[in-house]
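Once you scroll down, you'll see the structures, which are given as structure tokens.
There are two complexes below, and they share subunit A, which is joined by subunit B in the first and by subunit C in the second.
Right after this comes the complex of A and B.
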């Protein structure tokens, strides 16, 4: 797993006067499912396009399997792309679409037939070879686009928001199928998406990008449970960001002043006395009750509203300084919390406070 | 739509069609007319069809017209398509001006092109012949080809070219396997337009052809000065028939291409 497949070294990409990718360095291992995640305009698609060869980095190096490729034409690179809009050739049959890459490589007719059939079988569309792409549904076209790419046995498969145009249910299904496909084929997948749930579901590692820079690289669980920056905490899932001043440091723990109350925080990031810090606490790590919990952080506030969203009920509690905190509770536990004047305690364990870098 | 409105619209459309096609119908009918004067129906004959094919002048003019149209179409289609591809694909300084320059020949009167060419030929001391009409024909048709191909390209998804390159096709293969087949209907439409415009062209041909070289329109013009002969009717009928067949088959092909997409 530790063989390096793709390496980006200090890659900068400028368009006109704006810097789209800003000094990005990244190592991608062989056989890894890596996701570039970020809001639109964060440079994730440009990064992918530079690996594919459709854009050349302004400065910096791109290595593919140890070979420097940043000046190599796309058709010479051992990578294949699954495009956002599928980009199937409308004038060719499904079979000819999938066979295109092999024909370009002058593979023998018999072998082409064999490999295309196998690829179509892999995406469960072996009976659709004679159709034109327009005659297929969006999900089927998506599968053909994947078959067309993987039939070439690429070293790396690049996927640019490939599920963006599908409806939610099909998207969920395709997420699992893609993940299984990746494990079966053992190809390195580089996947671009702005959908954090998709990234968490499929990836071995996630690269969270913002404004052309990497905010954090890590496994899904690290990204979600231990976000390092305010941006990552905010972008991935829902969270409560609480800002306060460090008033005491005591070994592994520190104390932070917030709205006239104190919050104990882990001192993993080595905060300093009187430093302004942000912490992130996920709504599902918090509880509400009328009485404080022992051995936990308890913040006093007033009940504002509750929103039923199906699996949980969201409770909004207003702190004395006006800041709202959102807590996820199971519906049956909070049926009696309806009086808006109620004083409530918001509680969580100190280990669930994640201290964020500025 | 209300029935009354529908009736009015129908009658109006009918009138327009009659206006278009009655003169053509007359030409066809009178190509079979026995009379030499061609204005009164005296009886059915195929005589003029026979004599047309004996008319060496007419045959050579037809060959000249076809030659000019084919040469013009080939040059204008290649150059026009290349120009459209360049304008579609690249951004460069002065692109808007270049595009604008391509629209000019569409609106400029043919007589201006004709006189300008004649002046240049005079300046270069070139003697006029059949080929001296080619630059003029190309000049007025190239814009049409470019505009039609450009229109087709605007609906062309350039990520298809990226997909082809991603799958290992070089620039050349990408063009012939992906780009060209997809813009082909536009190229064909542009070529047909160039062909018909060239075939129809009178003013430029009249000015820039050598003294002995006639094209069909130029010859017909000189013939009708002595009155419309039945042979002109026959010639027109044959041209109408050919164009009808061509348009019919192109239409059929386009339709097939349309559904296959």
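Right after this comes the complex of A and C.
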């Protein structure tokens, strides 16, 4: 069992009668890259700010390396933050910005110089020490903000949507760089983002939040492949949510009625007979064809449209009850699927049906 | 390109006309007069002369000019010391902010002259403050709150304090609060954060406040008039007396020009240390 670095115990945060963080409990391990993921207003940034000390929890406890810190001022906590707007001090040079934290800790001049140089080297900007932040590009300012935080060897590094202001290409590059940096330094990273792809790319574990509560915690593959709730299935990637009634239970498998057809679902969540259930099936797990597949779920429907999106083509098939299913197919498979009156089968394996909690 | 310039000048012409008529021409007029000769009973004789400047730089007037600079400077510094914490407090007062700002502005709605008369009732030797202190036994003799350099500075501070508060307030208000969070995050306590981040980042506001307090403070004459009964002089009194009492327009004009140069110099210093954005604090 690895060491707990940050622990949140039943943390509640209220602002003017509205509950922003609602009874949140979470353990964050040492050396872990943990992402708080959710739409804006889900409480992820507030949670981060409580760990940093900028907000105090209304009730509940926050422990940092085993020590209770929820009343401790931010400048006494052994965490550092990379701000969304970078917040580099405009009146100081890059070197002085990075040295600021060390100066506050009364580190010797020689050591400051050594550590700042090392930190600037780590973010590949060692020649920019004499510049002012304004003279740097957004991406460079971002790196300085990271250098300014990690130079202090914090126990935990908090990152509040640090890549939000960068363009897509630079963002992708920085995602990998941050991930590698975290592995090299072996510091606990707590990363806040609303970008699910970013979260899947970088994290060891993802905490999906919605309306101040945790929806699901898990590794990226668990979050994507086995979403537990409708919210998670919908928020992470694209999916088809299919609603039906359980008509038969047979051990590990159950059968669900949908639009006059049957779908086999795994009975991992112990569904009950005649229960209304939702399942999520990812578009890339589905296939379309003119004939049904053996040993798979086959739903009959009519071709509606195909949308070319570059890497794949999305095919929309309308079910008899009017519900549209979206399937990702490779381009060569769909050459002949142009007639709108075509009857098609949408097929997937029963294990790819993920039963969601209501 | 040329036509757009012409268009710009055309659009500017009303204000250019206004400025020429009411600023440039009067200043030129003053400049010309300062180099003329003083005739009997204040008659202006259009003969070149630097007499006015020789007397302006004579020890008598130079002393008044230095005294004015010194008092205005002292008053400005006192204003700064009072205004900064006050502005800081207002900027962080949340929902009370607007009410407090209004209270700062209210005195502007009454003439300075009338407000200074009110202070005389408080400050003179038989005034409220002295009587109160004597009754309480803190002092035996009335304090010379008026008729003293201290009284002049008090009057200047009172008159121009809002000029200092407003630009400082606006620079503190505009300060991005995440800089303060970043500073705290990096281990700086409130005092260090104030000294290393807040103070340098609000320096343009301090500078702007300094200029717009110093400039009227150095030229005002009602404070010395009312608080010292004309016993102590600032350069404003001398200029007024030169024009209206001594009928020496040449001297008044020369002193006015010197004062104007002093003000322009301080503005240049301000420009030197601030960016285009910061200069908005002056307005």
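Quick note on the criterion: the second predicted complex is superposed on the first by the 357 of 358 C-alpha atoms of A that agree within 3 Å, B and C clash if a C-alpha of one lies under 4 Å from a C-alpha of the other, contacts with A are read in each partner's own complex, and residues count from 1 in each chain.
Everything that follows uses one rule, which is that a contact is a pair of C-beta atoms (placed from the backbone, for glycine too) under 8 Å apart; a residue touches a chain by one contact, two chains touch by 3 or more.
Computed from a predicted model, the values in this text were never measured in an experiment.
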Three-chain arrangement built on subunit A, subunit B and subunit C clash or fit: clash
Which superposed partner A:100 touches (first subunit B, second subunit C, both, neither): both
First (subunit B), second (subunit C), both or neither touched by A:132: first
Subunit B versus subunit C as contact partner of A:115, first or second or both or neither: neither
First (subunit B), second (subunit C), both or neither touched by A:83: both
Subunit B and subunit C footprints on subunit A, overlapping residues: 52-54, 73-75, 79-81, 83, 85, 87-91, 100-101, 104-105, 148-149, 152
Residue numbers on subunit A that touch subunit B, as the complex places them: 52-54, 73-75, 79-81, 83, 85, 87-91, 100-101, 104-105, 132, 134, 148-149, 152
Complex contacts: residues of subunit A adjacent to subunit C: 52-54, 73-76, 79-81, 83, 85, 87-91, 100-101, 104-105, 148-149, 152
Touching residues on subunit C, where the partner in the complex is subunit A: 176, 178-179, 181-189, 192, 196-197, 200-201
Residue ranges of subunit B touching subunit A (in the complex, touch as defined): 157, 159-160, 162-170, 173, 177-178, 181-182, 260-261
